[in-house]
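Same chain, two partners: chain A is paired with chain B first, then with chain C.
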Partner chain A sequence: MRLLAIARSTASLSWREATAYRFNFAMSFLVIAIPFLLQVFLWRAVFSGRSEVAGYSLSQMIVYYVLALFLFDFVHPTILYDVSEDIKSGELSVHLLRPLPYPIWAFAVRLGSQAVYLAVVAVTVGGGALLLGWAGYLSAGDFSLAGLLRFVVVFLAAWLLGLLLSLAASFAVFFTEDAAGLSKLVSFVFPLLSGSLIPLDMLPGWIKNICYYLPFRWLVYEPIRVYTGQQPLAPTILALLGWVIVTAAIVWLLWRVGIVRFTAVGG
Partner chain B sequence: MLSRGSTARYFLIVTKRLWLGWRAWRSYRASFWLGIIGDLAWMLFTIIFFSSIYAHAGNIGGWPWPDVLMLIGTAHIINGLYTALFEANVKQLSTGIKSGNLDRWLTYPVDTQLLLTFGRINLRGFLTALLGVGITLYALKLAAFEPRLWHIMNYVLLLVGAVAVWLAAAFFIETLAFFLVNIEILRALQNEFYSYAAYPSAIYPSWVWKLVFTVLIPVLWMANIPAGALRDPEKAIWWILFPPLLAMLSRKAFLVALRHYQSAGG
Partner chain C sequence: MNSIKVINLTKIYKRPVRSRAGVLKDLFRRGTEEVVGVDSISFSIEAGEFVGYIGLNGAGKTTTMKMLAGILHPTSGEVQVLGYIPWRRERDFLKRIGFVMGQKRQLWWDLPAADVFEFLKVVYELDDASYRRTLGEMTELLRASDLLNVPVRNLSLGERAKVELIAALLHDPEIVFLDEPTLGLDVLAQRALRSFFAEYNRRYGKTMLLTTHTLSDVESLCQRVIVIHQGKILRDGSLSGLLSEYGQQRVLHVTLEQNGILLERRIEVDSSQTGKVLQELADTGRIVEFREEKLSLEDIIARMLGEK
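So, the complex of A and B:
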């Protein structure tokens, strides 16, 4: 219980830190909105003169991207720079003296800062969906309450898995001197293999086969299919929880082996 | 400032800094190879993304596949050159303001902007650029298009222009660190925009959007404008006036910001 209270306070402090830079906070709307606008432009051009591409209509494709956009920033594995800097600079030694285990501390910090972003993304995506409806790209029929409820449940499980994958990627810094390369690798691999760049069923067969064995499709593609009713909720949650257990074990292993190798010099 | 120093002295400083940058790179080999894999993955996945669309739709806004492949190649050349020569250097401005290191750089007997432009190199960027050249050549072969010398000269000129646009825009963003302290989000925004460089200009619904994404947010500069020089050099070459203009504005902004700078370091 005490650990939970400390983790909650850490998350709360991260929320306050994330909203401290108001300019950054305001600009984060643009980071989401403009790339999405470019995606809409692209698919509008692709659908020009066609009513269907790979079984999708233009409005279905836009709904797909609205949901992918919502999911992406929360579930995509990334190097947590606080963690990598702590390891590289030796600052981690200070954390080791604290009562809260470092992996839980890092998890809580990420959760707190992402909670702020969740509000930003929800407002931007919601506003964007309304604008797209106003422009005639979407209609009320494209959204359903039951679908949204299923989506919320699957989103929370995917978020948890995404956070753990980020933690695992960050602990890899124990074994490489610099995180930039690994970060770039993950950031390029993930969009395609998760289905956030393009629906997985549009990809060539050999890539679809690779995706089948990786956790990434459960973070974006399958949650969207849960929303549309093409994929049942229960097996998706079970698959996500299975990956959560596997990833948590990897995080623990990386931490245990990494902390043995860790050295901090100076005062 | 810049115009006062002798060219030979500045050339020596730039060469020396590039040599030191090469030596610094050797300390981060694991990251280098991971980065190479990342770059290859990015290139491969961009190709897969567009080829998947073409497999189902045939064309994008009337653009055939080889033309989009040419955009992908060109985008990688520009990205590679910028990453290789400038990315790590320009970033130093905002970190220097935050840490107070800028105070020290200002005392050096050399132009500060020049110091923050050259020095660190990233060999990975050269490889990305080389792969981009390969893709562009393959796209030209696929399109059965043999450019004349005039086309190639314009293309190279606009490629250099595109790298200059990226550099000037990056400097402009870094200069904002004098006022905003934290500019991470703007840097992320710029990188995010440029990842859409290979999207053909035909997707933009009107000329107003094209102008916005050429001048205000120069995404079209990062592939479409240089690649346009291979097809229609007479039309594209006029854009070469834009990079020096943007560089001048960026330089002016840096000097004005510097005049109002009050040390933040301790």
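So, the complex of A and C:
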């Protein structure tokens, strides 16, 4: 109960912070709209003169990218700037004085700021999809209300996993001192292995095999297939929750060992 | 009852050393060297005491305070603060201590302080009545009531220090650690904080431990001073005792005219020697003006540490 109250009040702080600059807030819509349009133009060019690429129609391909775009920023593991700065600068000690576990604080801060972003992305991507439908790029058969409902459920689970992966990556800063290297590695491999660059079934077999054992496909590729009905909802949620438990354990471990190091070394 | 009890507390930490032997060697092997931050110190502080903890930069002041507040793990030794072992960071312990850091901030740049206060209220599980009472008293003492709803970035440095202070004390802690709380502030802001600390200690009987380089603060606030140098306690006793120990020492400020040129001289002498020193000066020129003062705490500390 107490943790819930804290999480809510932390998230409300970061919501307030994220909306502090109304111009930035307004611009963020545009920032999402542009890559969205570029994707549509790219795939229209790829599809010119053929009706199908690797089993996808243009309409299906656009649906794939609309959903991938929607998911990407929420599930993409990233080193949280605030956390890595807190650790490197020693500002973390301010947080250690509070009767509030820092991982919960960091999680709630990220959740709050992303909730703002979620509202922005939902409006932009939803509006864009409607426009594309109206312009005839999407066929009516690729819209599905039941699919959308399933997608919302799987999105929430994927978001949770994405947040935890970001926390784990951020706490790695305890041990590497500088996060830039890890950050580059993640931002290089994640788009490929999650299916947000191209659908995983278009990749060569050996990469697909690697992806099979990693958590990343559950963050983009599978949630989209849950929307289209190619992948059942229940096992996907189970897989995501399994990875959530594993990642939460890793976060906890990194934090415990990291904080002992931090309090032992710091001057 | 002891608020704080410290026995043989030692902190040795490692700091990285970049080898100059060669670029490649440096890339693969990074050495560390051990630095003794705090060297087997012992003291205890009674409830309600206001203690100045002073020393040069790097003497071990902040390191000690961080160990008392549970942010740092000691290498060896014992600490009890309100009966707790600080570095276990139990929730009840954290609720009963406050730490004011002059160079760290806990407020959010883009948000008004009031937003963060509401958050702290939840974190510290403060009930409405005590939260409002503490907030009211703090804002009144600091004359900060019109600063709470302004985004922190739009406050001046002095105003920011006031709201940071409220944030650090909002949960009404019993022990307050003040780590250079007036760092970088102008004279008026320094005075405002100083009178706040005096009142806070006097009115509520809080135990307070202060580090600062503004020794006039210590002189006007603390009943007791602990001087630390290179990790060791050099001196621990009442402020008046320290001042009276050097009570026979005088500082002479003399303006001397020699061959039409005015010279300013500052001389530290024993009070029995002032006449003799002035006589000697009078032989070399004409004394235009002179002033005799007792040593300030700053002079005393400079002398104590300068000898080391």
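By our rule, the second predicted complex is superposed on the first by the 261 of 267 C-alpha atoms of A that agree within 3 Å, B and C clash if a C-alpha of one lies under 4 Å from a C-alpha of the other, contacts with A are read in each partner's own complex, and residues count from 1 in each chain.
By definition in this document, a residue touches a chain if its C-beta (ideal position, glycine included) is under 8 Å from a C-beta of that chain, and two chains touch if they have at least 3 such contacts.
Just so we're clear, the structure is a prediction, and the values are computed from it rather than from any experiment.
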* **Superposition on chain A - do chain B and chain C clash or fit** => fit
* Asked: Does the superposition put A:185 against chain B (first), chain C (second), both, or neither?
  -> first
* With chain A at the apex, figure out the C-alpha centre angle toward chain B and chain C and round it to a multiple of 10 degrees. => 80
* Structure fact -> Per residue count on chain A, the busier partner among chain B and chain C is B
* Should A:27 be classified as contacting the first partner (chain B), the second (chain C), both, or neither? -> first
* Based on the superposed arrangement, let me know which partner A:97 touches: chain B (first), chain C (second), both, or neither? => second
* Once the two structures sit on chain A together, report how near the CA atoms of chain B get to those of chain C, whole Å. => 6
* Structure fact -> The shared contact residues of chain A with chain B and chain C are 21
* Structure fact -> chain A residues touching chain C in their complex are 2, 5-6, 9-10, 12-13, 16-17, 20-21, 91, 93-94, 96-100, 260, 263-267
* Structure fact -> Listed in rising order, chain B residues that touch chain A in their complex are 27-28, 30-39, 41-42, 45, 48-49, 51-53, 55-57, 60-61, 180-182, 184-186, 188-189, 192-193, 195-196, 199-200, 202-205, 209, 217, 219
* **Interface residues, chain A side, partner chain B - complex** => 21, 23-24, 27-28, 30-31, 34-35, 38, 41-42, 44-48, 50, 53-54, 176-182, 184-185, 187-189, 191-192, 197-198, 202-204, 207
* In the complex of these two chains, what residues of chain C are touching chain A? -> 13-15, 35, 37, 63, 66, 69-73, 87, 89, 91, 94-95, 97, 99, 101, 104-106, 108, 110-111, 115-116, 118-120, 122-125, 151
